[in-house]
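Order of writing sets the labels: A, B, C and D. Residues in every chain begin at 1.
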Amino acid sequence: MSTKVKKIGVLTSGGDAPGMNAAIRAVVRTCAFHNIECAGIYRGYQGMIEGDFKEMGARSVNNIINKGGTILKSARSMEFMTPEGRKKAHENLVKNGIDGLVVIGGNGSFSGALLFNQEFNFPVIGIPGTIDNDIYGTSHTLGYDTALNTVVEVIDKIRDTASSHNRLFFIEVMGRDAGHIALNAGIGAGAEEILIPEEDMGLDRLLDSLRKSKASGKSSSIVVIAEGDKIGKNAFELKDYVEENMPEYDVRVSILGHMQRGGSPSCFDRVLASRLGVKAVESLLDGKSNYMAGLLKDEIVLTPLEQAVKGKSQVDKELIRVSDIVSI
Amino acid sequence: MSTKVKKIGVLTSGGDAPGMNAAIRAVVRTCAFHNIECAGIYRGYQGMIEGDFKEMGARSVNNIINKGGTILKSARSMEFMTPEGRKKAHENLVKNGIDGLVVIGGNGSFSGALLFNQEFNFPVIGIPGTIDNDIYGTSHTLGYDTALNTVVEVIDKIRDTASSHNRLFFIEVMGRDAGHIALNAGIGAGAEEILIPEEDMGLDRLLDSLRKSKASGKSSSIVVIAEGDKIGKNAFELKDYVEENMPEYDVRVSILGHMQRGGSPSCFDRVLASRLGVKAVESLLDGKSNYMAGLLKDEIVLTPLEQAVKGKSQVDKELIRVSDIVSI
Amino acid sequence: MSTKVKKIGVLTSGGDAPGMNAAIRAVVRTCAFHNIECAGIYRGYQGMIEGDFKEMGARSVNNIINKGGTILKSARSMEFMTPEGRKKAHENLVKNGIDGLVVIGGNGSFSGALLFNQEFNFPVIGIPGTIDNDIYGTSHTLGYDTALNTVVEVIDKIRDTASSHNRLFFIEVMGRDAGHIALNAGIGAGAEEILIPEEDMGLDRLLDSLRKSKASGKSSSIVVIAEGDKIGKNAFELKDYVEENMPEYDVRVSILGHMQRGGSPSCFDRVLASRLGVKAVESLLDGKSNYMAGLLKDEIVLTPLEQAVKGKSQVDKELIRVSDIVSI
Amino acid sequence: MSTKVKKIGVLTSGGDAPGMNAAIRAVVRTCAFHNIECAGIYRGYQGMIEGDFKEMGARSVNNIINKGGTILKSARSMEFMTPEGRKKAHENLVKNGIDGLVVIGGNGSFSGALLFNQEFNFPVIGIPGTIDNDIYGTSHTLGYDTALNTVVEVIDKIRDTASSHNRLFFIEVMGRDAGHIALNAGIGAGAEEILIPEEDMGLDRLLDSLRKSKASGKSSSIVVIAEGDKIGKNAFELKDYVEENMPEYDVRVSILGHMQRGGSPSCFDRVLASRLGVKAVESLLDGKSNYMAGLLKDEIVLTPLEQAVKGKSQVDKELIRVSDIVSI
């Protein structure tokens, strides 16, 4: 790439996550800092197809660093999956003088970005934004740390009532096919047991564990379940199973749901978003393309977008051992 | 009652609520202040039957004013519904020198207290503790204000993601047969529509209201539903109904559940608990019995327990009108 | 007033308070509901003088009910204290077709409104907005409940470290000449002692109380001081005095400051703001003027603005007794 | 060390920090898991000298993972700085059968541990607990992440009122000689300028930066100052200096103080505490001594205690550049 990028477009795509606004702010201001233009693209790829753009200067992102959600809105676009859709999108970018793209989103969004780059050789850098932390090439995705705190605060409240009544709670948390939220928030909330997709605990071991908990003198218990858990039963079926086999327990179920996606981002997510936003823009200015900016071993690094999409983020198995120990 | 009360027993019963610990603290310390003894009774009436008592001094309630749940635990007791159970309970009180009782709980707990008083002429004062605010004789029950803040904070988070995606959310809140939580938290959270048991809105008016919302340019909508709502459908059935009739909406459901019962009490609930605890003990010292201490028109007053049990707390219908106006 | 109000101006003035945005939203939407126009006036009376107005429709106040501060900004205006300033302000209102005014603020703002009304016979209704709760004619001002929760949450954090180190903390809270925040948040935070302007405790009684606290086995202590306290020493001087007289104490001081003014409003403040906003607009529509809408004994009522300005809001002295008992 | 450790003592020392209780819980439960005994030592080294010990089993640390402060209390001990004090402390450990020590604290606490180990060849492992993040050998100390969130939440509230009034705020945060809290919370809070000990900005550059902020259209500004900042003026002197040189600014000062030390730990701190507690105990069981368990590049590792004490933790200078860019 011989000519320098002159105007960057930024969009958020897929499920929203706390920290997306902080990342948009960083992208917009890094453009202002380096004296290039910036355009916000609304509703992800769909807005790119519809030409839903807005010029953004440093002042247009005032007071958003602490806001959940995304001021650019997000959407899933079926049309972008078609060659015609992507052609329209490209025409809109060209028409608006946009010659570089920052895509804030998850795996699906990155796949779209890859395809777009292949077809039009359009410079693109990804920023991982999803509470699920399921992206290869970064130890933390934007929104993940905030979601952990949200989950832990809610379970703290549930434990108040659980321990007042000596109850057993099954609490289902988000994470899609990944157990990151369940495992970390489970440890953080002091869960007695944690069920994640990466490890099939089996129903027998669960009953066994609950019996040990009871025998050890625990009066109430919290079991955290990842939504993608592989034990073969959802939270309500688990409740029935346990009540059948351990009638001494009064079991309740709580599905935490979409509240996990919202809220003011944690300091960690705001700082990470700021660093990734700076990196993304400066990478485009350096003539780089097809990378994702991420955090690895406390440093901001680039990973080829293709690896990010194909790779699999792993949960730290050592944490399962830690959980087994501290929940004794 | 000619002889002054010398030792007061305090218990929490029914569903737990934030502020119960603050009330226990106030009861214990008011006893200490007036130089009489105090015993905590664990697990409500069941602990009374089993003699699960503990002497409590001013220092034994340090650092609990800000804790959710109840350090005395709560339980529902089938045995207390039998004459034999109540006889055992009375014998335990007498054996422990307890000659006055403070019952922190809801309607069911007060019914038990009334029965107990009738059978044994035992002095008893009630303190209304439930998040549902469904008790006659007090404008606010302990835990209600805290639950409202919890609900509003959670819906704020959900709105972040709702407005990022232009979605419609049905959010079910607690309240048993009363719409207090739904109506007040609904207004506080800026809900577009609120469904409560006290008012059958009807499915047609709901659709109509959602259509008006959409037409008025609202990009996302929150509907708050009281768990005891009379519209005849639960949140999931409503979702299906709306999606069928308004396919342009992407509807999500969130059942907030037990988190509403926990959490550190609000300042309002802590102050109210302190005032009610002082009033309850001093009423017993004044020779009063069979009353509930409550808050009416900003003043702490006594209501005969029988009225509290039989009366019905009403939602403020004017609030329905306010909600209709501010959600335009 | 024979002709009906057709366009209402709304402004925030004086110190900002959580709930002001919720009140602005309610004013704007009540206008929309009754099909009259509404204009936001920026920076209080100063913006009125400068003609800094903006037309506001129902959608222009989306997603502000949960925001602290005021989107209309606030300012103190020296110019409005002059007849020339007020004349300019009036001309601007007339020029913009505004024929009714809602002033959200405190005592100073209401005095200005009164003067303005006397000079130009301009219809005006006040909404009490200040965290200090020092306004006659309402049991709660907007922002007061939120500030109480903010203070209590912060003192909860300070208590964590105070009790880990067996320390004594003097914590100064806002409230100007009124002890409402100190007294209620002090009880809510479990303060050992509370110093308010309405009651001169005297230094001897303070030392005495701290000695009793120590003797009773308390390992740490929190003293809450209203900023306008009359004991004649500020928090740092008190620290010196106590350390001199009770060298066994390691005393720390914390001035909570402006954080008390910010933050997302509590559910109570949001509902109150909604009710007051509706009442203010409908009062103007009813041809009323020179009143403040307030909450008294749980009902929304009007108080003549002159009384609101001249009257004095009282702290509930019974709370001082409650505090003495529960802090034993 | 040929014989395996049979009983571990655990203490917290120095300033308390959120996550210390989670670490105590992990130490106690890891002992239970490996079937060895554990004793809690109260008030740090002072309690060791006074023999203030308590046997702790898995159930004695229930429901503390979410509590701020330290249930073992903390204190600074002058006596432990004397050979006689340390001798007494050693005798108490021996008398109680304690043959391994976990010290949770900061640099001063680790120096004491080193000395103790040298004199008595007593096995000791450190866990870094301080909000200041100023310890070599770990990217994060316990409590640091929580403190960042506390600071950012408070500044969010202050910004509400700052932007309502177009004010400039100087906000002083903790951190002793290190700028970690100021730099990260400053970026997280969207501060316009950050003053840290590691970088002498100079008064001229500060004025220059504020003038640029004003010129760029910012209506309010937040400057975050580390308590150990080297600019040579404290926050109040800075206020005077700026007001003299930029009379257009209405400057306010807020010293956040001890609230930064308290509060329920973040999920990050709870998980880190759990991992470090497990590592500390298992290191003692492995015959290791004189190490600190820390987090480096996302992994739990041991650093020789001597290095931890002598080394200097560095702020990430790249973050200063990021702050300059995103605050444009």
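Just a few scattered comments:
Following the convention adopted for this analysis, a residue touches a chain if its C-beta (ideal position, glycine included) is under 8 Å from a C-beta of that chain, and two chains touch if they have at least 3 such contacts.
Predicted model only: the values in this text are computed from it and were never measured.
Contacts with subunit A and subunit B are shared by no chain at all. Comparing the CA-atom centres of all chains against that of subunit D, the greatest distance is found for B.
A straight line joining the Cα centres of subunit A and subunit D is 28 Å long.
With centres taken as mean Cα positions, subunit D sits 39 Å from subunit B. With centres set at the average Cα position, the gap from subunit C to subunit D is 36 Å. Among the residues of subunit C, those in touch with two or more other chains are 156, 159, 163. Chain-to-chain contact here is organised cyclically: the chains close a single ring, every chain touching exactly two others. Contact between chains, using the touch rule, shows up for A-B, A-D, B-C, C-D.
The touching residues of subunit A, counted against subunit B in their complex, run 12, 15-16, 18, 67-70, 73-75, 150, 154, 156-166, 169, 252-255, 257-259, 261-263. If you check the complex, the residues on subunit D that touch subunit A are 25-26, 29-30, 32-33, 58-59, 62-63, 65-66, 139, 145, 148-149, 151-153, 156, 159, 163, 184-185, 187-190, 216-218, 264, 266-268, 270-271, 274-275, 277-278, 297-298, 300, 318-319, 322-328.
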